[in-house]
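Chain naming follows the written order as A, B and C, and within any one chain the residues start at number 1.
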Amino acid sequence: MSAARPIATTRSAAGLPTGRLAVWWVVASEVVIFGGLLASYVMHRLAHDAWAAQAAHTNMWIGAFNTWVLLTSSLCAVLAHKAAEAGDGRKAAKLIGLTMLGGITFIIVKAFEWTNEIHHGFTITSSTFWSFYYTAAGLHGLHVIAGVVIMGIVAMDARRNLELHRVELIGIYWHFVDIVWIFLFPLLYIAK
Amino acid sequence: MAHAPVAHHEAHGAHHVEQSFWNKYVFSTDHKMIAMQYMFTGMFMALIGGFMAYAFRMQNGFPGMEVPGYGLVSPNEYNALITNHGTIMIFWVAMPVLIAAFGNFLIPLMLGCDDMVFPRVNRLSYQIFLLSAIVILASLFVPGGGFAGAWTAYPPLSAKAQYNLTGLGSTLWLVSVALEFVAFLLGGINFVTTAMNARAPGMKMYDIPMVVWMIVVASILFMASVGPLIAGAVMLFMDQNVGTAFFDPDRGGDPILWQHLFWFFGHPEVYVVLLPATGIVAEIITVFARKKLFAYKTVLYTVFATGVLSFTVWAHHQFVAGIDPRMANIFTVTTLLISVPIAEMMFVYIATLYGGSISLTTPMLWALGFIATFLLGGVTGIFLGASGADIYLHDTYFVLAHFHYTFFPIAIIGTYAGVTYWYPKMFGRMLNETLGKIHFWGTFISFNCVFIPLFYTGMAGDHRRIWSYELYPELFTPDLQAVRAFASIATVVMLAFQPIFIFNFFWSLRRGPKAGDNPWRANTLEWQAPSPPPHGNFAELPRVYRGPYEYSHPDRKEDYWPQNAQA
Amino acid sequence: MAEQAHASHEVHAHPNYMKVYWTLLALLCVSVIGPMFGIKAVTIATAFGVAAYKAYLVAKNFMHINVEKPFISYLVLTVVVFMFLFFAGSAPDVMKKEGTRWVKPSWVAGTAHAAPDVHGSEHAPSH
């Protein structure tokens, strides 16, 4: 089949492995996506003092809990990278599994949080504050889900000591998703 | 350095695996086949975009008349035609052909490697692109027709179906553009990573051919600028379909935000398409003047500067939208500044030609045509970049003529230049020179006849996006209408010359004289591979010993010196 | 398989990940406690100052950006700067509620936060 890995992929004239180089470019392009959305949010938020009344209804404790969940999952991701680097694929796979658990927990908590908010009448069209809230957190959540799926695939290979370098790569992506939330938390939950 | 790859590849190039039709043509991961897929899709979409131009130009030049082959153009149909013409030409013709097709074909070959670094991602990016093309075409046939809110899709026109009258079409339009963005993000990562990492041993940064640099920088510009628009597209989608009010000033939103999100991308985007075309021209003029590029490093740093500066000029599209006049001042300054590096690149090209041994082959004619028309287009941009003059000129046909004088060289002239130049490498045959020259002159002259009159009508006050000037008595004079009609006839003539190229292209595939590996006697690595290159590209992956533009070197008997020639 | 052979992948020293983790948690607590003082400046400073520092810690220690090739840091910094550039170029317009010949009705009326409007109808601004 024509999908044999080409020589091109194994070269590294820039001094770092191709996969890692690519992931950093992915991170860079994602920074501008979230950056555009968040900059737009900040512009509106700063101009609409009245949004504070809406923002007061986000639950900071749930937000903080979710922040803790993601930070912990990031820890697991980097420990998985350490294990993979040492060649221990099974340990790396277990740690990725924990990372995935963190991601899934995050989504479940968010599902409850949103259901609760919608029941109280704070839907995506209630006010532009809520439109931004759901869109920003939703876009982030989609990235969490995508990350969990890819981690599952990487973990399956890692468990059999295959493609261990990918553990680090998905880790970099996951840390980026974590960093986006690190900023979303104060923006949506603290700055009221 | 990396000696091992050169050693253990040996068996690689001699791969003679018989592939099924599906694996070879449809599901290929070979960069050359994917390049062909992008090229043919782009050229097909060009026919559609061109037909749309024909229809609306006929309406504009001969209002109220039935357009042969189309019928009567209603006002909203006119809006849908101009919207989709613009969208298709930029996203489904210029970008796929200039970046995806040429980038895919040339980058691995010019860098001396066997494929892109991520062939399966490459295939995926084409598949997503193809899906996006299908969606935009589908949008033309849904109830209501294709989106009719202009390619810039400003809300509230684009957000509210009651205004644009094309509810379903506008959503599909948005979805197709978003898919196209994803495809090019994926493709861009492939190109950048390949160029950074997969170079042949011995190829230093300054040995990389200019067209590769240009395509790579274009990909980076795209990746760094499209994010806010993706965010904006999500917001617009929600406004269209979910009832949010991101851009609705009645409910806490701001339509100007969309404009900023759009143009923050939209301006770098024009450089995204300009740079590859400029790169193609650089390759051609050096070969057909037998002269090295006048100032390689200058051009390179200019390209970087242009790239960075391109992020600081965007609101010149919004001068009369009600933005803060102090911001307009700032953007005027940056806009006028950015004309400097680009003009400088053109001057470097002219300096490259000066004193060269010039052969006016078809590719060279296209390259020279690019320089001439792009310069004209560029200087007319200066008027628009000055916010004062723009107060009058904004949204007139002057703007339209300006950007066609830049986009046409980029997307059409640049494409023809590249195709006629690399055709021998792609297909192993030579195109017919006589037909090529007839096609060139026919297209070139008629193109000027279309758009120079439009500068005139623009200055006379012709507003853009007007279905018929019958509604504007002071503009609907016999003289002005005659000018519009002239431009429309020239459009038909221009389109009528294109079948010559199509015929030449397909006829030469079978009947053209066989091309050798290096019919143009060029230096870059793609010419040191067979024509067409096999799977794996090179029987033996090359090593590079010098830069790409060592033409007419005094110490050499031959007037060219391939990059991988040891002596 | 062979990809690690050529990549100059320096097996770098791993920082103490647990220590970084506890630091991150402590910072999280600071950002949660900050608003409790009720002083806006304190809230903002703790919330965003902490966020910035946390992001830096994650980037440095988890993503190992400091042992990566320098251009990676330049790349990420550049795109972040572009976001500030976007903000700087757009905010002066987006944050205004009226201009020379235009006005944003709901912004001026202060009803931009509009009470829950179930159907999101675009005509009547809930007043």
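In this text, contacts are C-beta pairs under 8 Å (C-beta built on N, C-alpha and C of every residue); 3 or more make two chains touch, one makes a residue touch a chain.
Here the structure is a predicted model, which means the values were calculated and not measured.
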Comparing B-C with A-C, the one with more C-beta contacts is A-C
Of all other chains, the one whose Cα centre sits farthest from chain C = B
Take the average of all CA coordinates in chain A, do the same for chain B, and state the distance between these two points in whole angstrom.
-> 34
Using mean CA coordinates as chain centres, what's the chain B-chain C distance in Å?
-> 34
Measure off the straight-line distance from the CA centroid of chain A to the CA centroid of chain C, and report it in whole Å.
-> 13
Out of chain C, which residues touch more than one other chain, so two or more?
-> 2, 5-6, 79, 82, 86, 90, 94, 96, 107, 112-114, 117, 119-120
Chain B, residues touching no fewer than two other chains = 2, 5, 224-225, 228, 242-245, 251-252, 254, 257, 261, 264
Got the chain A residues that touch at least 2 other chains?
-> 9-12, 14, 16, 18, 25, 28-29, 31-32, 35-36, 39-40, 43-44, 48, 125, 127-129
In the complex, the residues of chain A that touch chain C are 9-12, 14-20, 24-25, 27-29, 31-32, 35-36, 38-40, 42-44, 46-48, 50-51, 53-54, 60, 64, 67-68, 71-72, 74-75, 77-79, 82, 85, 121-123, 125-129, 165, 171-172, 175-176, 178-179, 182-183, 185-186, 190-192
What residues on chain C touch chain A, complex-wise?
-> 2-9, 11, 14, 17-18, 20-21, 24-25, 28, 31-32, 34-35, 43-44, 47-48, 50-51, 54-55, 58-59, 61-63, 68-69, 72, 75-76, 79-80, 82-83, 86-87, 90-91, 94-97, 107, 110-120
Under the touch definition given earlier, write down the residues of chain B that touch chain C in their complex.
-> 2, 4-5, 160, 224-225, 228, 242-245, 248-252, 254, 256-257, 260-261, 264, 311-312, 314-315, 318, 322-324, 326-327, 331
Contact set on chain C toward chain B in their complex | 2, 5-6, 78-79, 82, 85-86, 89-90, 92-94, 96, 99-102, 104-107, 112-114, 117, 119-120, 122-123, 125
Complex contacts: residues of chain B adjacent to chain A = 2, 5, 9, 12, 17, 19, 23, 28-30, 108, 113-120, 185, 188-190, 192-194, 196-199, 203, 223-232, 234-235, 238, 242-246, 251-254, 257, 261, 264, 535, 541
